[in-house]
Structure formats: C-alpha cells, structure tokens
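Two complexes, one shared chain (subunit A), two partners (subunit B, subunit C).
Up next is the complex of A and B:
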C-alpha cells in the first residue's frame, strides 16, 4: 500500500492545529521539535497510523525523531507496511 | 578557597535566616521576587551580565542582560497597570517558552499582581477551569493560543483583558490588546509594588484525587528557600550557564526556571522547542551549559537514543546534573555516570512545597534510585496517613510528611480551605507519596498514596479526566487510572463503559483520545482505553479506582470491605 503523505499531513493539520490557524505545514515541517505535536500527542498520531495502515509500530520505533516530519513518519510507516 | 561544606555541615545549626542575610532581607521588610531577580542583581554590579539567552527550534535567539530584565519587567508591570489591572488580581501567563513569559512573570510580581502561569498545551476546558476558579482578571498570551481564550472568554465574568505579545499587525478582538515587549518605553520612576513576606505571589494549579485542580497559593517570602535551594542543591555558582528543562506552566519552571537562578544572579538558557535528543545535546554544547536540571522522562528518552549520540557533542562544560518530577530510576543514574561522567542528582518536592525538600545533595554519596535526604531546615518523615504517627523503623513504608513552616510552603489552596486542611495529619503536611527511609536516612520512593496519575513528571487528576469523558456522547461512565509506562513512569488509562447503541472499535477509541487531548491536554489524554461493560463500585455507587489501579500495577487489591460500604 503506498503511503499517502497528503493524508497524513491533512490529519496533522486537522487534529493538531487550531481551526483557523493558518500556519503553513509541509512534509518537512518539524512537528515534534517545532512544538506542533508533543510527545504525548504522538501516541494518538501513532494510533491513527496503525489503524489506517493496519500495522503495529513498536514503542521502540515510535521515537520523537521518527515522528518529527511527515516525510519521516511516512518512511517509518512504509517499513512496517512492507514488513 | 574554602571547600564546599558537606551535607552534615550544612544541616548543623541550620536556620533560614542564613538565606535572609545573604539576600539582605530583614524580617518585616519589603520583599518582592521581581525586584530580587532583577534590580537587586543590577545593584550588586551585574547589570551587564546575561540573564536570559533564549532560542527556538528555527535558530532565532534573543539575549537579555540583568539590566534588560529590570527595565523590561518594569515596563511590563507599568503596561499592566496602565491597562487598569490592580495589585492582588490574578494575571495568567498562557504562552510557550517565550522571553515574554519569563520577563512577564517578574513584571506581574513587580506591579503587585498574583501571577498564574498555565501550561500552554492546555485545552479550553482545562484553561477555563483554572481561570474561572481563580477569577482571573487578565490573560497574557500569544497568537498561537489566543483562540482557546476567545472560545471561553464569555464564560469568564472576571476576565477584563487579553494581552497578545506577538500580535504585530494581526486583527485583534474585543478585550484584546497588543504588547510588544522589546518596544515598550522604559517607564520613568517606576515603583515596584511594596509587597511583604506574606503578600501572595504565584498561583499554580495542581491536581488531586478528588474534585477539580486546586490553586496552590505562594507568597513572596518563598524566595528565601527558592534562592537557597537553587544555590545549594543545584549548586549554582556565579559563572554557571544553567538550563532548566521545565516549562514555567508548572512549578519547577518558576521556582527553578525563573526565581532560583535569577535571584542568584545566574545566567540561564532557554530552548523553546519540543523534544529532540540531537537538538538538546547540540544546544547544551553550543551554550556551554554547566548545570542542567532535567526530568526522568526526558532522561529516559535520551537513554533510548543511545550513547553514541552523546559522544558526538562536546558536553565537557557540564558540572552538575539534577532531576525532578518523578522518581529517577537507578538505571538512569548509572547511565548518566557512564555518558556524562557524573550522576543525575534526584530531587523531590511538589507544587505545595515550593522548593526542593528531599534531595541528593552535591558531594553526598548518591544511592542510585534513592530520593536522597531532607534539605537542611526541612524535617521529613514517613508517617501513617490517618494518624500522622511516624513510622520510624528502617524500611517501613509510610506517606512522606513534612513539619510545616519552611518559607515556600504554600499558604493554602485558592478558595478551598477544606482541601488544604485535608493535607495535614498529626501536625504533619502529607505529600501524598509513599516511601521508606533506610538506616542512612535516605528516602526511597514506593508509590502514590492516592489516585493521582504522575505522567512524565506532571500530576493529572482522575476526576478532571472522568468529567471530560462524560461529555463525550458515547461514554456512559468511566474511570481514569495510572498504568505503568517505560518512559513516562505512568500514563493515563481510561476504563470506559459505553451508552447503548455504541460499539467499541478503533475509530471510537481514537476519537475519545483526541476528544480529551483537545479539551484538557495531551498529558490527560488516555494513552490506553479499555472498553468494559461496567466498573467496580461501592454499594452507594461510587467507582473504586483502587481496584483498577492495583490490577494495572500487579499489586494486591487489599481489603475492600470498608470501601464497598462507602
């Protein structure tokens, strides 16, 4: 299954930004380092990805670094989709 | 040069007046934390010394020396007074870690206000609960968070002013006023509010087992113990570069992220960015950090990133490491000795104590996994929580208790004298944590004595979560308890019984998680949800969280006969 980066990006914007927040977010925007998604909220993002792609991401792989951009998230998800 | 006195030497004949003398404070005189953290340091000849070196994740940085602190905090205070705000009113700071937060903290105190810092990740329900309870008159915030304030302001009759620190050309709404800190004109002949020892200073909200969060009321005299503990426990010295990871929305971020270092005239650095191990090490190397006050959750996250990453950075300036928020596990202490060449020193205290009360003192033998020994001037014991009777035998478990009377002990909970009275037994203040004491006098953490959840060093109250869960259309009843977590020590687990017509599934689980995250905060979001048919209850219908919590930790449930009849 191809990883739909736009779908992940849309989810982040919808769930983690205020409704009328016009902050521009790209595939390379730092989500964790940039304070858009904190390490606690990362758990709900991980759950979303697991549900969407029917995968299990081990806690050891769900690091702040791996969740820092849409690009790095997509790379992480791809590993487990392939596996 | 005299060697640093040992713990036993410090303890011998200790008296808090020692700190008063060092601060030049005489009992009965005026004492204003804002003045002590800025004007006094300038008077001591350090006006040009850097006080705050701030940067964010994009590399932007701002530096303020102690004279800047003095002038900018005066200007901030004068601005608030010009807005019609009065001494004694609660003024909330609801911001990320911007310089305006740190300097505004001093500004509110200098105009005589009660500063109410709130964690900027709070959702609108958590924010409303705390602003409504405090009768807050003004909120100082930033564009990123002002929307949350806008959504609740109509339900806050006391709120008269919303100050936005980064509005620039943005369109503001009713009650809102822009403030550009660095452009404020220095006020002529500003007079710092003449507060005295018992004048209220800071109002921090903290969670308990029952009811909504309580406002812990501090006074200006707290400075005496915050100054001395920062000097002795964090071992702050004039040439140090100090980094405290804590957000000033919580008590560590004010007692030791503002008051402690600045009353000692120490330079502190702030990184306004989320967690990233590489960025943290790079920041410490670049800023040549010497003293680092962190938290077990952060340390465990760093451990997970491995030893190799640490070695890529020059952290040779690090001289002293401390930790706070939750018990520091022995593995983390041993790891820090391996990679930094020095151990993290665990410190124990809480919002209500205002300062470190049990600690691994510099120079004292660190027993990995222990909380350390009481700070000089603090009388601590473990006691029976009902009678307050000390449990003196070595290894016997009781609730950590302190003899009242240290300078930064809170003076009560805001509008809640009964809640505060319930924190005492047999003349002791009860901390709510269970521990034992070994033959050398070291305290060893065992667990909480109540249902409060300590997640990543932050206390979260189950009642607040359960109340919010009930607002979800699918939830019939719920119980929020702690469940063990490798990184955060504990995280929130919610047991949820659904209303007829709703079926448990992954979509609903995620929806409920996000519902709580947005209403309350990411900390309060259940990281695990268990859908159940019913919850264990007393005969009168009260949910018994203790059974669920015990199951999570694999502990015996104990005698439930009295609970069942509750």
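Up next is the complex of A and C:
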C-alpha cells in the first residue's frame, strides 16, 4: 500500500494545530524538535497510523526522531507495511 | 567506572550548551523570609537588592504569616522535628490524619492522603488507580508532574488540545472500548493562568462515562467564592473523582501535597502509590502550619478577596498601558512578549527597577510564545502594585512595545 503523505500531513494539522494557528507545515517541517508536536502527544499520531495501515509500531521504533517529519514518518510506516 | 576526564568533559560540554542556548537556570538568593518585599542577592556575591516579588506562588500571602509561623513552632515542640519513617511504618501522627480530614472537608471530597509534594502525588496516583485496560486523556498544557505520572502508568495515554471540548469529546468517543476513561486537567494552568472549563468537562464525563482528575495546585485557597478551588468556581463540587493539590503555594507555601477524592481511589493510593510508600512522611511542623492555614482560610475570605481585587487592578493597569496579556481570571497574569531574548532582557531591566519577575520561553512554553509571568499576592499593597505598573510602563516603553500586539512585536524582535 502506498504511503499517503498528504493524509498524514492533514492529520498532523488537524490534531496538533490550533484553529487560529497559521504555521505552514510541509513534509520536511520538524514536528517534534520544532515544538509543533510534543513527544507526549505523539501517541495519538502513532495510533492513527497503526489503525490506518493495520500495522503495529513497537515503542522502540516510535522515537521522536522517527516521528520528526512527515517524510520520516512515511519511511517508518513503509518499513512496517512491507514487513 | 571512575568519573574520568572524558566523562567530566562531556558533562561540561552539555552544560556549556545550555548556557549558549540561553537555557541555563541560575538561582537567586533571597536574604530573609518570603514576602512581597524581599531582598535578593543576584548575581551570587552581589549586595542584596530590595525588590517587590511578582513571581512567587504566595497567593494568599501566608508564607511568613506570624500565626502560621507560631503554629509551626508549636508543632515542632509538641510533635518533634521529624519522624524518620514513611507513613505506613511509623510516620503517621494524630496531626497527619487531622490534616487529611480538614483537607477533605475543605475540598469537599470523601477522603484525602498526604504526599511529600504534589509532584509526588501526581507521579504516584495514576499508576495506583489505572491499569492496561484504561485510558488517560489529558489536556495538552497539564503540568510536567502529571506528564511524568502518566508516563509511569500502564494505561493508554492520549491528549486533547488545550481546553478544546470538541476535541475532548472526539477522544472520549474514540476510547469507548476502554474500561475506564480518565480526563486529566489542571484547574488553573500555570503558564497561561486560564481556568479549565470544569463544568463542561464534568458534563462530558457524565455523558461518556469517564472519571475526572483535577490538579488544583494553582487554585486551592483562593479560586471560587470561598477559595475551595476551580471546582467551586465552576459549580461542580463533589463531582471530581480525584483532586491533587499542594501546600507549597497558596496554602502556606512550605511543602507537601495530597490526593483527595473518592474513598476507594484514595485508598488505592495508600496501598499502591510509590511516592507515598517509599518516601518520608510530611514533617510535623509543616502539618501543624498547614492546619493553621486552613483555619485562616475557613475563617475568612478576606485574603482571597484582596487577591482578586489586586489581580483585577494589576490586569487593568497592564492592559491600559498597552501590554499584550493572556486573558484569564487567576492571579497568574502573563505579559506576552513572544521573543525569548526580549523576555529575558525585560525581566533583567525590571529587576534593576526593583521588580522581581522571570521570563519564560521554549521549552517551558511553546516556541514563539515567550512571556513574563507575573503573579499576584494578597500581600501586595496598592503601593506595590503602583510601583510595579510604573516599572512595566518604563521598561516596556524603552523596548517600544506599548500598544503593540503579537504581529508587531514579532516583526520588531522576531519569534
């Protein structure tokens, strides 16, 4: 299954930005190190991906680095979809 | 392994990194008791400077109240200095149980258990009462100690956007398959000073069969008509399942905290909460002092009324001079500056003017949301407030930000 980056980006915007927040987010925007998503709230993104792609991402792989950009998230998901 | 030169260098580099990033914290020495007027030695070795304190959690001005100090001294004489024990071995005195009963009455709950601090109460209670089949749904701006406590608990973790009831509802619907849903919130949010929408939270909890956890550390003693807390203010006394709070802020300011709420949940904490089981009991003199604090709070609302009047006066003064404030009703009044360096520079200049405030910036607050957090006290007099306002006008004028909003300030100084 191809990884839909736009869908991930849409989820990030909907889940993490306030309505009046006009921060522009691209596939390369640093979400965690940039302070947009805190590592604690990352859990809902992980669960969203697991449900959407019917995969299990072990906690050891769900690192702040792996979740830092939409591109790195897509790469992580792809690994588990293939596996 | 010895503390080798390489290891030492690694730590020195890390500390140097904190300094370079402007994140290094330095203590300022207060030469005397806590109060509105204090003398501060800063930097270390400098002569003491008299300043007005606008950054303490001394909301009711009871930290050095003579009646509280006298009660603590009596407690020292009648119950000793320490107990050399955790609570359940030989660390519980009659006054510990008496204070727990008084706090139960004060908070309008079923039972209460003391902890060494509210940090400990928050660190211990989730693990004690929730398990793998449950979910914790927390406001995204809850205090760091709650985040730590949630990390220690095996229940699933989720969050909702700050005070966004629609988002909370979505999360409650999403987690209907869980055994227990627990909504977790602060009463007053420590960095923004706004109040949780507790009435709406309780309504959602009833609709979606969830429990409610409230950390009321920045509210106990002064929020609500008789100072019982955010649950009194929002008309939901008796409907909160777990309340944690501290004796280290409005309620005397020494130390100690508690878990208060449903009898069975408090009992689970007594049986299982690790900071309760493995940490020393609260010192008798602090218990005796806090009992006196509660006597004062039960006897009169005069102090919380004065605090409210001071807060309104301060907020109005800062607004009228054209500063950009976070809106709210609590005695935490953040002056928004958005830029970290501006917040630090202004705090330094205000200190030179005899006003003690602190700048807050990322990662304590979100990126681009730097601010000076001012905190009011019932111990502030009209003269204190007027001197503080005059200093803010002078310093903010120097930086050209009076009458400016977020867009203009960030254009001038960057995010």
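The criterion applied here is as follows: the second predicted complex is superposed on the first by the 83 of 83 C-alpha atoms of A that agree within 3 Å, B and C clash if a C-alpha of one lies under 4 Å from a C-alpha of the other, contacts with A are read in each partner's own complex, and residues count from 1 in each chain.
Note that in this section contacts are C-beta pairs under 8 Å (C-beta built on N, C-alpha and C of every residue); 3 or more make two chains touch, one makes a residue touch a chain.
Everything quoted here is computed from the prediction, not taken from an experiment.
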Clash or fit (per the criteria above) of subunit B with subunit C on subunit A: clash
Which superposed partner A:38 touches (first subunit B, second subunit C, both, neither): both
First, second, both or neither for A:18, with subunit B first and subunit C second: both
Partner chain in contact with A:61 - subunit B first, subunit C second, else both or neither: neither
First, second, both or neither for A:10, with subunit B first and subunit C second: neither
Partner chain in contact with A:30 - subunit B first, subunit C second, else both or neither: first
Partner chain in contact with A:48 - subunit B first, subunit C second, else both or neither: first
Stretch of subunit B, among 113-121, 293-301, 329-337 or 365-373, that runs into subunit C once the two complexes are superposed: 113-121
Subunit C-contacting residues of subunit A that also contact subunit B: 18, 34-35, 38, 40-41, 43-44, 47
Interface residues, subunit B side, partner subunit A - complex: 57-58, 96, 121, 144, 147-148, 272-279, 301, 304-305, 455-456, 486-488, 491, 506-507, 509-510, 513-514, 517, 522-523, 525, 527
Subunit A contact footprint on subunit C (complex, rising order): 140, 147, 150-151, 156-159, 161-162, 362-363, 366-367
Subunit A residues within the subunit B interface of the complex: 15, 18-21, 30, 32-41, 43-44, 47-48, 51, 59-60, 63-65, 68
Parts of subunit A lying in touch with subunit C, wherever the complex brings them together: 16, 18, 34-35, 38, 40-41, 43-44, 47
